[in-house]
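You will see two complexes here that share chain A, one where it goes with chain B and one where it goes with chain C.
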Partner chain A sequence: MATVGETQRTLYPYVTGSSVVAIKYKDGILMAADMGGSYGSTLRYKSVERIKPIGKHSLLGASGEISDFQEILRYLDELILYDNMWDDGNSLGPKEVHNYLTRVMYNRRNKFNPLWNALVLGGVKNGEKYLGMVNMIGINFEDNHVATGLGNHLARPILREEWHESLTFEEGVKLLEKCMRVLLYRDRSAVNKIQISKITEEGATLFPPFSLKTYWEFSAFKNPTVGAEGSW
Partner chain B sequence: MDQKVDLNAPHSMGTTIIGVTYNGGVVLGADSRTSTGVYVANRASDKITQLTDNVYVCRSGSAADSQIVSDYVRYFLHQHTIQLGRPATVKVAANLVRLLSYNNKNFLETGLIVGGWDKYEGGQIFGVPLGGTIVQQPFAIGGSGSSYLYGFFDQAWKEGMTKDEAEA
Partner chain C sequence: MTKQHANWSPYDNNGGSCVAIAGADYCVIAADTRMSTGYNILTRDYSKISQLTDKSVMASSGFQADVKALQKVLSARHLIYQHQHNKQMSCPAMAQLLSNTLYYKRFFPYYAFNVLGGLDNEGKGCVFTYDAVGSYERVGYSAQGSGSTLIMPFLDNQLKSPSPLLLPAKDAVTPLSETEAVDLVKTVFASATERDIYTGDKLEIVILNASGIRREYMDLRRD
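== the complex of A and B ==
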């Protein structure tokens, strides 16, 4: 951590989560993330929930520094609390929450003290689906499918090919599983304990964690000792 | 003499700390070595520190940082207990530790395991590693010596152990 006079700078994250992938589907938003918390290159925590419901209409998924994510959840708790205290029948929708997060992230970046996260914010309000992303330098955008970290490189090409407007729930889950499987194969910090959650007009549902089936039946692995004298 | 001894190196603990829940509460364990570079500054240190009657913390990382965090948390918890009128919960203790760790993450280098028992949730263990993440776990290990234990715990840990099994 560098301290220059009175200013502070966050230089590096400690406990980090890997990618989050999310898509719009027919009834709302589907979001998937694994449950690993890495400490450098070691996978230290294996039951970290990186997707949380926010208010009545939104889901927040985060990758990056987990302590900063926990702090963001506290900021949002306060935001939602104040919103509920108005008691006026209106509630913050995903677009508003995304905007709030964008302002928070960008202002922290301007002070050289970022919240070291890439956030995915999805939700449904009054039938309108919304899916956005904001990262630690304040870049934010809205799309039909978003991902963080390595997911941008590995998952989004799949989504660009296979996503369409009227995905059913089952098709959406299969598509997300396909993306998470690629991430599991190719992302060093991924762990095979996936949590999928959905949000629709009725509300948010976090499904219990499950693991993906992987393929390892390569012919090169069968009879690996053939031709190598003395190996077992 | 080939090696130079840096007497100004921070007193770091080179530690192994463990916290385990079992069916009656929690068991905490720690080694007793404090090193400054290669020299063992204290071979009988007590890395398990009391915060309240029912909550203790295992300290690792910088000795000074973990001691000062424990002292502040003990002070705050004492006031909180007086105000509340009943024993503080483990969750509150752990969150106080988290607040100090997170808000001063630029200055502190300490990983802590908070363990205790309260009548609402029973025995609980919370890990608060570098950076100020808080994570409730059925068992927690920490310190630089803990790397060797990940595999062991993954294999040997099970839910609902007795106190003797947990201590073993």
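== the complex of A and C ==
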């Protein structure tokens, strides 16, 4: 870290979470993330909840530095508390929370002291579904399906092929499991303990963690360099 | 002990191209809707166009977070102007405001490449083109962004701009009709999409004229 006398700021992350994948489906948003917290190349923590409900209408999933995610949750706690204290029947929806997060991330980036996260914010309010993403330099957008980190490389192409407007809950879960399985095979910081959450008009549900079935008997895995010595 | 440098950059380029063409009594502003980072596409449906006043529309490409912040700053300043002057800002006034706003961050710039299009006080089309730190110029047409190097020479060829060396300065506003200008914009983006990896997916066109504002969309290649 920087020496005493200079302003301390983030230079690199320490405990990190890997990808988050989320999709819009018929009734709302489905979000999936594994429960791993890596300390460099060690899979140090295996029960990290990286998806949390925010207020009545939103779910927040985070990848990147876990301590920064916990700090963001503290900011959002305060935001939601003040919102409730107005006691005016109105409550912050996913669009508002996403905008707030974007401003926080952008402002930290302006001070060269980023919150080292890529955040996925999904929710439903008054029947309108919303799914957005914001990363540590403030880039933000919304779409029908989003992913962070390696999920952009591995999950988004699957979602582009197979996502459609009227996915049922079961179809959505199957689709997310497909994405998480690919990430499990190919992302070295993934752990086989997945949490799926959904949010609908009725509210948020965090399902208990589960493991995906994997198959390691593919012949290509047995003799990977056959026919191409020196390759992986 | 040497000062530790951040090994991350506060900037990124999210790509995309923007074009604006001024006509005798209209202005066409267009941009693609692709948002990328590195070799990835983040989303195919992101608008780079922002309507600042009834008569000015800005299209910006570059680093999306800075573009968003810039749009917010300008619309907040415009709101204050409206409260103080009881009228909307004219397009040349907005052009100056944009320039000042960009220069304000001269030593930590908004990584945004802008074209501002609209109707001036006489109802004629006007286009202003900017660099990232606010140097600007009123022109008859302009292109900015990742495809600008592909688009600008083609616009020079088609819009037959008179030489800037001629005196008195001749107006570069195109004699093309509104429909011809919109067609030109569509052609230009279809070509830029072929060769620029950051341009594509969908084209958003905004047309400003005396009767108000109109939007058109066109699909572009998604590869």
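Throughout what follows, the second predicted complex is superposed on the first by the 214 of 232 C-alpha atoms of A that agree within 3 Å, B and C clash if a C-alpha of one lies under 4 Å from a C-alpha of the other, contacts with A are read in each partner's own complex, and residues count from 1 in each chain.
By definition in this document, contacts are C-beta pairs under 8 Å (C-beta built on N, C-alpha and C of every residue); 3 or more make two chains touch, one makes a residue touch a chain.
Because the structure is predicted, anything quoted here is derived from the model rather than measured.
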Which superposed partner A:42 touches (first chain B, second chain C, both, neither): first
Partner chain(s) touched by A:65 [first = chain B, second = chain C, both, neither]: first
Partner chain in contact with A:13 - chain B first, chain C second, else both or neither: first
Partner touching more residues of chain A, whether chain B or chain C: C
Partner chain in contact with A:114 - chain B first, chain C second, else both or neither: second
Contacts of A:209 with chain B and chain C, given as first, second, both or neither: neither
Intersection of the chain A residues that touch chain B with those that touch chain C: 1, 3, 9
Residues on chain C engaged by chain A in the complex (per definition of touch): 1, 3-4, 6-12, 14, 35, 37, 40-43, 45-46, 63-66, 68-69, 108
Chain B partner contacts - residues on chain A that touch it in the complex: 1, 3, 8-10, 13-15, 37, 39, 42, 44-45, 47-48, 65-67, 70-71
Residues of chain B that touch chain A when the two form their complex: 98, 101-102, 105-107, 127, 129-135, 137, 147, 150
In the complex with chain C, residue positions of chain A that touch it: 1-3, 6, 9, 11-12, 102, 106, 109-110, 112, 114, 133, 136-143, 152-153, 156
